[in-house]
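Listed next: structures, encoded as structure tokens.
Each of the next two complexes has chain A plus one more chain, namely chain B in the first and chain C in the second.
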Partner chain A sequence: MSKNQSWILKHPWSVRSFHYLLVLSFIPLAITGVVLFFKPFDQLTMNLYMRIHVVTGVILTLDAVAYFIIGFTRVIAFVKRSFSFSVNDIKWFSILGGYPQKFLLGKKVPVPPMGKYNSGQKLFGICVLIGGTILIATGWGLWGFPHILPHGMTALFGTLHLVFGWILILFLLVHVFLGIYMFDDFKAMFLHGKIPYEEAKEMAPLWVETEIVKIER
Partner chain B sequence: MKEERYQYEESPSYVSRREFIAISGIVIAILALPAVWIRSAVVKRNSYIRARLNGLYKDDAGSKVRVSHGNSGVAKLYKDFAGHPLSEVSEELFHTQSYVNRTRI
Partner chain C sequence: MNAEARTYQKGEIPGIIGIDADVCKGCDSCKRYCPTGAITGMFGAIHSIDVEKCINCGQCLINCPFGSIYETVDTVDTVIAKLQDKSVTVVGIPAPAVRVAIGEEFGMADGSLVTKEMYGAMRKVGFEILDNNFTADLTIMEEGTEFIVRARHALFGEEAHGHKVGPLPQFTSCCPAWVRYVETKYPSLIPNLSSAKSPQQMAGPLAKTYGALEIWKKPPESIYTVGIMPCTAKKFEASRPEFASAYHFLKKEGKAGSDTPYPDIDTVLTTRDLARLFKKMKIDFTKAGETDGGPLAEYTGAGTIFGNTGGVMEAALRTAYKVLTGNELQPLEFKPVRGMKGVKSASVTLMDTKYGKEVTVNVAVVNGIHGNIEPILEKIMAGTSSYHFIEVMNCPGGCVNGGGQPIKSGGSSWLRAALPLFGWK
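Coming up: the complex of A and B.
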């Protein structure tokens, strides 16, 4: 990396602090959720796990609601990016972004040009937007007012909570692995928010071409 | 870390005004519709409960004997056999023994 490296601000502090709270709340939620599903411990220990699950669930809710309000314009941009598709996405999924080839065969295959998020990240984004909302809403229903919900709705909430919980947990394994493996993105998200210009141009050419502007100082 | 040291950023006009209004409208509608639906389901469920409650009161109002201590059968049972409520015999016969864990039923 040369000294006069140019940088792009990829994740401003608002996104980073939201993501930090997301990590701090969702990972304990995922772990306690899996434990609550398999019930490996005695009643008292399971009770403790349930309490941790509820407290971290409340933290996750506060994080999500706060970001929805404070970072509303960023939420809308995230929705637009996550739901923008083109033929490139079909091509991307047909080779899974070149990742299996890279990890399993050590081969580098040409990947169609991507925007800020690649097709896999967009799918993850959609799962987080829809699944996360459903998890939060059903979680509050199940914890706070199962007795008020009409007959059958509590059971429906339970099923939805279970299904989307598993979807997000399994997707998260991929996200965390790639989030650490793509180390420049990791540093951008966990430290300073910046990504080297050249790297972004290679990984997200459409983003750099259409969305990135030079700052006039 | 010094965040100021970057030369490029995202253009704020990535989402146009029109798109912003459209997308936020859709997002808020999608959040609001289930909320409205659940609310009306809860209200409807409460109306069932209220109707049932009214039915029970109506049954009561029409019955000759409305309270258990007015029930001549129960009175006879205590007089001839169990003595009085909470007596030793009634304790043994009518009271459940202990809490039963039903989570696995």
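Coming up: the complex of A and C.
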């Protein structure tokens, strides 16, 4: 980090540690989930994958519950931001944030001003909030009580787990790609939590204008 | 057919129940319900059924939340063809528990008693009727009388004429899953099983002898008997080669009409199968109309309660009481053997008028083999059991919760003791 540059703390410690555990649990969950869906291996291997799926599912649950308790205000802020919509979101989606133009045509198009999260991130946030909650709840039901819950409910749990699992896996691929592409944000999430002021001003001008205050040191 | 099967006689159907590998999620629900550990497959991996251990009860089938378990034997189309063949008299033999469940397949309230509607629909598609309740009454007369013979032999040394008297405790023998359980896991206790046939297997010979010759006036070989059962294991039971009594009797009488032995029960439909048959034959069950069952559909309350846990024992005690004392049991209901407890027991003191002595009979009712039966069997084998007569039903709740009944989206887990949570191995 350059000392001459201004930095904004985007991801505090609580968010970063939640995210570390999320990465450590969700990626193995996704891989083992896909394997469990296609059932390609022998008994012992499938059982090993299921055990990894269960253990990482428990880790993800504990991570989510702990973050919900410890970072409650952050969770509320995240929910609020994810569910705040304006006409800019429609404009953003109409050009998909300018990413296709950038990647496919090498062209930079004007992008409507965004808050801390752009419209795509907000959609992802909504999917994570709803889908993650459903995956956790249905996962526990399917693991612990498939034989005790009413059959119709277990079958519904199975379908929801499958549908939201695939949705989040597909979103994860986009999230990982764009996360690495926006390397300053990637470093912020995995290392120090801070992004350059100039980049924040470009990527999230509404956030910088309305929420960021200068701290003199 | 599994040629390697070792616990089946020639002619028996090995493996009534199968698991669809494409649908199985490896969730382990079925393993928790299987009373014999016949389901193999680790948690998360595709499961399969070891036919040698399977007793065909179908509890896994009705409790699989994903519908991956199915019956391998489906004779609905065969029965339809027989019904349409004018040279064949198709006799439907509906079990006590069928009439309180089949309505559910047609949108009626759970537990609706639809005996006359069931007869009406059966008649409409061409069945003659021999109500299995009628032979449930016969079974209980046989089992009750046999128990008295065994008890008198044990207590007073009374000998039976022409046959060896079996030991106490006497087990009921009408549940085919339970019979196979004893045969495969505790063969030394086979003599403890009542020698009485199940109601289904009493109905078959009755239909092909008395029914054919006296009621329907048809050649016995043209009678096609269809057990209509709440039970998948009944399909296996009907395939047992020893059950060709009608043929052997009629052969001796010179009335068999064939040199090829025919089975007492030609095929078995489950409650689900019968509903499917009606639907295939475009019968609106709710509008089929009510009819009587005819001369072979007379029965008592004893036959009716057969389909419920404790029902056989209650009916047997009524019979034993009547035979021993000459009086009807008062009150007729014997409540200690009712209810959903895994093992119910009671003591009844009866006056044996023949010997002029009071006899105390210790009875037990096993409501579901899984988790309940082994401690009882171990005690019997160790010679420390105090029971004289034991009713055993494989399925929790009795035949009403059999593997051939309509599959409830609510499941039936509440019918039994707590099962293990959280799969792992």
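We adopt the following convention: the second predicted complex is superposed on the first by the 212 of 217 C-alpha atoms of A that agree within 3 Å, B and C clash if a C-alpha of one lies under 4 Å from a C-alpha of the other, contacts with A are read in each partner's own complex, and residues count from 1 in each chain.
We take it that a residue touches a chain if its C-beta (ideal position, glycine included) is under 8 Å from a C-beta of that chain, and two chains touch if they have at least 3 such contacts.
Since we're looking at a predicted model, the values are computed, not measured.
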{"item": "Partners on chain A (chain B, chain C) - clash or fit", "value": "clash"}
{"item": "Contacts of A:62 with chain B and chain C, given as first, second, both or neither", "value": "neither"}
{"item": "Partner chain in contact with A:73 - chain B first, chain C second, else both or neither", "value": "first"}
{"item": "Contacts of A:215 with chain B and chain C, given as first, second, both or neither", "value": "first"}
{"item": "Chain B versus chain C as contact partner of A:197, first or second or both or neither", "value": "first"}
{"item": "Touched partner set for A:149, first chain B, second chain C, both or neither", "value": "both"}
{"item": "Contacts of A:51 with chain B and chain C, given as first, second, both or neither", "value": "second"}
{"item": "Chain B versus chain C as contact partner of A:6, first or second or both or neither", "value": "first"}
{"item": "Contacts of A:126 with chain B and chain C, given as first, second, both or neither", "value": "neither"}
{"item": "Selected from 113-121, 167-175 or 293-301: the stretch of chain C that, after superposition, runs into chain B", "value": "167-175"}
{"item": "Residues on chain A lying within both footprints (that of chain B and that of chain C)", "value": "148-151"}
{"item": "Chain B to chain A touching residues, read off their complex", "value": "1-3, 5-11, 14-15, 19-20, 23-24, 27, 31, 34, 38, 41-42, 44-45"}
{"item": "Residues on chain C engaged by chain A in the complex (per definition of touch)", "value": "21, 25-29, 32-33, 41-46, 63-67, 407-411, 413, 419, 421-425"}
{"item": "Complex contacts: residues of chain A adjacent to chain C", "value": "36, 39, 41-44, 46-47, 49-51, 53-54, 142-152, 154-155, 158"}
{"item": "In the complex with chain B, residue positions of chain A that touch it", "value": "6-9, 12-13, 72-73, 75-77, 79-80, 133, 137, 148-151, 153, 191-194, 197, 210-215"}
